[in-house]
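Next, two complexes with chain A in common: one pairs it with chain B, the other with chain C.
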Partner chain A sequence: MKRRWLTWSGIGVLAVLMALALAACGDDGDDAADTSGDDGGDDIAAVIEQLGGPVTFGEPAKGGTFRIANTDFAQSDGFDPTGEYFGSAWTIYNSLMLRTLVSYPFTAGSAGNELVADLATELPEPSADGLTWTFTLKDGVKFGPPVNRDVTSKDIAYAFQRIATPSVAAQYANYYQVIKGLPEFSAGEAKTISGIQTPDDKTITFTLTQPTGDFLFRLAMPATAPIPREVGKCYTQAAEYGRYVIASGPYMIDGSDKLDISSCGSQKPISGFNPNTGLYLVRNPNYDPATDDVEIRQSNPDRFEISVNTNLDNIFAQIERGELEGSFETPPNAVLRRYLQDPESRERLRVNSGDRIWFAYMNLTTPPFDDVHVRKAMNLVMDLEGVQRAWGGPVQGSIPTDVLPDTLMPELTADSYAPYQAAPFAGDVDAAKEEMKLSAYDTDKDGLCDAPACKGIVHLNRNFAPWSTQSPIIVQSAAQIGIELETREASRSAVNDASGKPGREIPLSSGNGWGKDYADPSTFMVLFDGRNILADGNTAFSLVGLTPAKAKEVGATIPASGPVPSVDADIDACNPLTGQERTDCWVALNKKITEEIVPWVPLMDATAIDLIGPAVTQYDMDQNGTEMALSRVAVDESLQK
Partner chain B sequence: MSTAAPDAAGLPDAPTPVSDAHAIVGKTPWQLFWGRFRQDRFALAGLGIIILLVLMAVFAPLFAALVGHGPNELFQRETTDIFGIPEGPTSSFWFGADNNGRDVFVRTIYGTRVSLMVGVLATAIAVVVGVVLGVIAGYFGGWIDTVISRITDIILSVPLLLFAIGIVAACSTSKEGCLYGTLKPGLSLVIVIISLFTWPYVTRLVRSNTLSLREREFVEASRSLGASDLRIMFKEILPNLVSPIIVYASLLIPSNILFEAYLSFLGLGVPDDTPSWGSMVSDSLQNFDVVWWLWLFPGLFLLVSVLAFNLLGDGLRDALDPRANRS
Partner chain C sequence: MTRYIIRRLMYVILVVFAVTAVAYTIFFVLPSTDPAVAFAGRNPTPELVQEVREQLNLDEPVPVQYALYVKRLVTGDEYGWPGLGLSYNTRSPVRDEIINRASVTLQIAIGGAILWLLIGIPIGVISALKQRSLADRLAMGFALVGVSAPVFWLGLVMLYVFWEKLGWLPGTGYVPFAESPKEWFLHMLMPWMVLALLFAAIYARIVRGNMIDTMGEDYIRTARAKGLSESRVVTRHGLRAGLSPVITLLGIDLALLVGNTVVTETVFNMPGLGNYVLVSTDSGDLPGVLAVVVLAAFAVAFLSLVSDIIYAYLDPRVRYR
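Up next, the complex of A and B:
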């Protein structure tokens, strides 16, 4: 008996495949037919414009369970607020669980990036020298069970001690190095942070070593939220506290009241949070709405369920069926298209600014990108419209014309500031060639990069969509000015790892992006600050401001063509300023970086997209966390499935 | 009066004369093989498909010229909508377009090149390395056998996919590649990775057969006539291993084609400008149910080619070793 089963099984699989294909044709025949390329881009842009901001469906009411699913709960520090650095976690903390001295209104647009007082009675002004900030805490704010006591200034001071404790791995501790005595505490040279004083339970004073115009923004970050020492002292290693977080906001982890805090040994992880399955939040019985702005923290649902489902398609199918209310994930392009083309359902799709920019960084130490004319030519020739389409079109983001997202720099939107290309931003080959002629790498001055350094340039990128989809566009654009790129694709972590090591000398990478930490341009300027260049984990990718000493330290090389330009002094000049002066300073520096330094080709000013289920009766977007504003959502249980 | 065959009549061991119509004609091993192989219609079909695939791979540029689209030529504006979703099969894009507006038909045809090249070259390297080490281990035995066998055990115990991910990441994320620039991402790296993990199987097969063959009389005879170890291994023993090696190699090729597809599907294979069926299928992931043509056509080619090689391998095994039990 010969192995005919092999043949028949093959034929069977073929038949199944054909059947699947026919089914796919049948189900989506209309979709496929619509992809003609006659896209009506202006119409879609107008539709997307209307889908920003808050929305209500019927009468929002209190009660119910708000259900969210994500493909994982892969937080960056195990959900310990001291170290956690993911926007989704920040939204959960700020909207629901934790309160900070100052906070945000949890709404979409620039209004959502404005600061409001939270634990503090008001937003204070600094002392005349800009070095001292004093806050008075509101009365009646209590920790949730099992701590059940008033939040005091010492709990905030303790949070800063955790930030300064290296073993806890506070990932953005750099923002607090301006506090007097904090670096010494971190180094183990002091037992307290001298720049934080708590003269009584309701007062806390910060003394800084230099004026810092954005200090209030830094106090709105979740790591600064009060932590009860009686629980926190048991968890001094990175990520440990994540399963024992004690609430100070309107919601707590389900099962918090069962936590036995009589000793460290008696504490077992709170049952309502398991990183592998999800996070379940219930109302904190100690939360008093009278201590809060109930317009901002409406706290409508009785319960939040944030679960894990590794099947992205299934998540959005469940949302459409009313089995979920939302997700922190971005819907697939086909889902976006279906909603945007359907006037009946498109309001369930919410599109807001993501305050995040994706870019192709050029290494200023690596030929031919050590020549500013080559870098400018790259900006001129890049088919940005093609890149946008590769991402999924305007719904996924707008075309950037500078190095900051539009929401952080509304003065320089594409309408008013476009130093390289004009609409439709499909690449200006002639202008790029003219620029290239000025470069030493164009030896015969024909507008094409023809030196040996122009061939086989490593172009690093992520190996999955949409990044992998944009690669051919970038390669084709660069080829028009003689730059031959050799694309190498790798996983997200491998790209981040290689980009973070200047010694690898990656000339060009388009797999990197940056989102704001808070709504101030300074959180992007760290990417151009030469003092931030690290040998490993570097985010100042282009190596702007690299000095010979720093180059030696991080394993990079100063190019033979000359020193690397720096904006360190410009950053220092802007940082102490406040108000309009500060804004003007950042605008000028943004222009300088975009036009004179030219470290990147900005590719996408990304949106934040939410698909909300049919049972959601009220939605808003938290512009600070760039996720759904959980403090403002409402759900109608009768519409849930 | 004469009688038939007077010369032969005097020889005691002469065969009995037969008429011409019933004469026994000696057959060469090739004739025996072909006689059995050609009766296997499925194997012949497999061979026919493989020949077609080879022709497609060789003449891929002609197909591209026929439709007027290069494998990496972008028609993004013409074939994708405002959401970046490409159009399906049309009269100018027979298999539809991909997310960048490239012609899926042309890329599928070009993908044949990668699959065949990886399948055949990786198998060839694995067979050469595996045969040499297997014969040495089986023939000499002792500590040499122990060392080679343990090395194969170690290689087979390495988690293949994790290793592939690691080595591709290491070689992709530096300017010079890895191993001082000798290994760079691309087809050669994929072939090296696949060969690295497949030679131990060949070694084990050859070693076990050599262990048996080295005790046979013809080996003893050679040794007693003063033949060197090298001659015995490669002139006496190796020819007796040709059949199992051919059969195994023919079954290894489809497995290596699939391996390449896995790697490319995960973004660890050949670069994007080298069309590969695995990476083409992975392009459909984001909008799987809408852009069915992105996975269907390369998937079908992958399935058919793997099936063809398996049918051929099955037929070769039947023809080269008819005594083996196939039930």
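Up next, the complex of A and C:
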């Protein structure tokens, strides 16, 4: 009898556990599962195509609170616009809080990467020698409370002084070294930046040391937004100003009006921002829409709440229920699949170009990748379709055929330019073997890498999906040409750390990616600029352009097989150009890098995916920030929970 | 007794510094992401990296860095006492962050503890008194489920059932008590229940074992022989002896929870210390991680001390060992 009770209680416990397990599993599936399967009979590529660009539901109106949650308030410099380098922060600054001389239309696609005048009355042309740029500021633009005064050219000049102040640690100050006198100001050799002149409150002139074709793009970055000296002077260390950012755009941090700026000591962090819990924005009462393009900055909601929720699944569950309007995070594949398969709700899923490439970089100093034929063979043999499937299908990105995202270089899309493989890009083993035969590492010329250097090659990757799911595909692809990879997976920071140290001599890594800073190929060319190679924190991963002197400096080794190829001169040739000449130059260099240098196997031209809640009545994507266009969204409060 | 307390206090200080030294070595000496490089952005110049390194005192030799850390910890820094430095991530004082978040973690831990004691002790007692009965089997079945179910899974199941399907409770997030006591309670309920289910199961098993042993002691038989009612025997004599190990265990468990609520706080999006250590680890914010490690070590050592003192007070044999 006792034994029977024991049995029954055991069965009961088992039943409870199974019921709970079923409840927990629900209708969700494996996160890394393919989202490209059954889509209700529609062609998945066509479906994804339809999900790009802006969308409207019902009658968009002003008012309400637009609520966003992310797993953390991603920031690289405490939300200080001088140093902050995260795309989501840039979207918040540009769309909502800060105005710069030039800006973007905050819309999806190539149009969203075009520059428009913002604080400036118009987009200027440079002087004939390409060295001088003069801007006139619009009237009536004011700082938000508690500063409450007109924005002047001197506030912009002050922002540049902060960029040039080493203790503020501007993270992309490299873009402004072309301004005459800025390096001297940084070094403490000058009290002002001689290349920035403000003859009156409405005029600012930049004098450069060399023609710079993308200078206007650089002036659209948030670090150049005006900062009132009376507040900024109190914060001269990195990230400090992030808690005191004064608005010049349509929204300000909630509680800004309570900031006491009578002295530095009286200032306490603005209550509406805590990096660990969130950012709350309300309308800036000093913002005058007459000074702005109200089609671009529609500024529909009265309030934005950008909070932190550490539970990613819960964020998207809240969006689906109408408790949130969106997130800067990418929805899990289970959520993507559900929306893609449901024609009723799929319009709430928005898929646009992420202007970001994920790649497997090959180290040009490390055998066997010091041989261009091996690198080409890797590009030929790679099962890119399999990699795409491992990521979750076409919704996660398209297959790249060059080293730049398609939106940055629409001249070279997979339809028009595919130097290694043809669709479906599943790997061309025969062509790869033919290429391998040309390599010194294929000693018997059978198309297989057979030298000792072909065995036990370290392949570094991230230890979480989707990167980890692509590892076996990369390993199997390489094995078909005799390259035996040993995958070592680690955290994101560990991968970045190892990749960033040339002295570690990582031969191959597929855990790295790059997104644009602005819509010009130059922001990707830093990855191939030999002068940009660092001993630590290096992002020129493949070491293209490594010279013997640089190798000594960073602890790398020039391979015995010969010098490392360089494109430094090509980059220098393209940089001063403007217009079509510039475009043609970058196209030619892109082809040269892709076909002759071959530093990477490009793996994914990633998308930017947004899931928007049922209360969102208008959505667009900010192609510059590759996040939701907050300046154009609208919400219907009656549909919110 | 005073000498005993002083001796134990010295031991606490020693433990805290040993933990600090080990943690500091792990985070700052063994290979990890260079905080200066991480802080300097994705395309840093060597000059900027050097500037950041100087700002963060990372240009000093590691022993000097550690000595500076300990000095600031003991004497305080420009942000107050204890000196826990500046977050690499938010550039705000870690001390303020720890104080704010510790209160949330304490609310979760204390509420959870009350709940698990309210569940675990009665179940343990009933199981012990009704050995091999249906109630005992069910209680131990419950204990088995509670111990076996992972916290994150239990949390997700609860969210699914009580928030997503039934809509009885609010989902994730924290509402301060001062803002709305009702919302505070409703938001805390699920985290409390998740912690309580795990620990109640463990406590029920411990109480059951202790009670069975205690109820077989001679003095219990004597109490019964004196004619005391069974309820009086259980409450006055059985429970007092049977629950004393639970008091010790509770002290240690509460202390461990200070640094051990990562999963609960992450699932329920509670801005506590567990959540903080996760965010800090992910972003390479070493001062944040180190601060939680130090606090957790101190909490464990201090509450062990308190338990030892209570034990020494209750049982004089302990202090002479």
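By definition in this document, the second predicted complex is superposed on the first by the 601 of 641 C-alpha atoms of A that agree within 3 Å, B and C clash if a C-alpha of one lies under 4 Å from a C-alpha of the other, contacts with A are read in each partner's own complex, and residues count from 1 in each chain.
The rule we apply is simple: a contact is a pair of C-beta atoms (placed from the backbone, for glycine too) under 8 Å apart; a residue touches a chain by one contact, two chains touch by 3 or more.
Treat the numbers as computed from the prediction; the structure is a model and nothing was measured.
Colleague: Between chain B and chain C, whom does A:Val395 touch in the aligned arrangement: first, second, both, or neither?
Modeller: first
Colleague: Which partner does A:Gly386 reach: the first (chain B), the second (chain C), both, or neither?
Modeller: A:Gly386 sits against chain B, while chain C stays out of touch.
Colleague: Contact-wise, after the overlay, does A:Lys191 reach chain B, chain C, both or neither (first, second, both, neither)?
Modeller: neither
Colleague: Quick check for you: in the superposed arrangement, does A:Asp313 touch first (chain B), second (chain C), both or neither?
Modeller: In the superposed model, A:Asp313 contacts both chain B and chain C.
Colleague: Once chain A of both complexes is superposed, is A:Leu534 in touch with chain B (first), chain C (second), both, or neither?
Modeller: After superposing on A, A:Leu534 lies in contact with chain C but is clear of chain B.
Colleague: Is A:Asp497 touching the first partner chain B, the second partner chain C, both, or neither of them?
Modeller: both
Colleague: Which holds for A:Thr469: it touches chain B only (first), chain C only (second), both, or neither?
Modeller: A:Thr469 contacts chain B only, not chain C.
Colleague: Does chain B (first) or chain C (second) touch A:Arg243, or do both, or does neither?
Modeller: In the superposition, A:Arg243 touches chain C alone.
Colleague: With the two structures laid over each other on chain A, which partner does A:Arg488 touch: chain B (first), chain C (second), both, or neither?
Modeller: first
Colleague: Let me check the overlay on chain A: which residues of chain A are in contact with chain B and also with chain C?
Modeller: In the superposed arrangement, which is not itself an observed complex, chain A uses residues 2, 6, 10, 13, 17, 20, 24, 313, 494, 497 for both chain B and chain C.
Colleague: Any idea which chain B residues touch chain A in the complex?
Modeller: The contact residues of chain B facing chain A are 40, 42, 72, 74, 76-88, 99-100, 102, 165, 168-169, 172-175, 185, 266-268, 271-273, 282-283, 285-292, 296, 299-300, 303-304, 307, 310-311, 314, 318, 326-327.
Colleague: Within the complex, which stretch of chain A touches chain C?
Modeller: Going by the criterion above, the answer is residues 2, 5-6, 8-10, 12-13, 16-17, 20, 23-24, 26, 72, 75-78, 80, 83, 85, 166-167, 169-174, 186, 237-240, 242-243, 269, 275-277, 307-311, 313-314, 317-318, 321, 323, 493-494, 496-497, 500, 526, 532, 534-537, 539.
Colleague: Under the definition above, what is the set of chain C residues touching chain A in their complex?
Modeller: Listed in rising order, the residues of chain C that touch chain A are 31-34, 37-49, 51-52, 55, 89-92, 97, 101, 132, 134, 137-138, 140-141, 144-145, 148-149, 153, 156-157, 159-161, 164, 171-173, 265-269, 271, 275-276, 278-279, 282-284.
Colleague: Note which residues of chain A are touching chain B in the complex, please.
Modeller: For this pair, the touching residues of chain A are 1-4, 6-7, 10, 13-14, 17, 20-21, 24-25, 27-28, 31-32, 34-37, 39-41, 44, 313, 332-334, 336-337, 340, 366, 386, 389-395, 458, 460, 463-466, 468-469, 471-473, 475-476, 486-491, 494-495, 497-498, 504-507.
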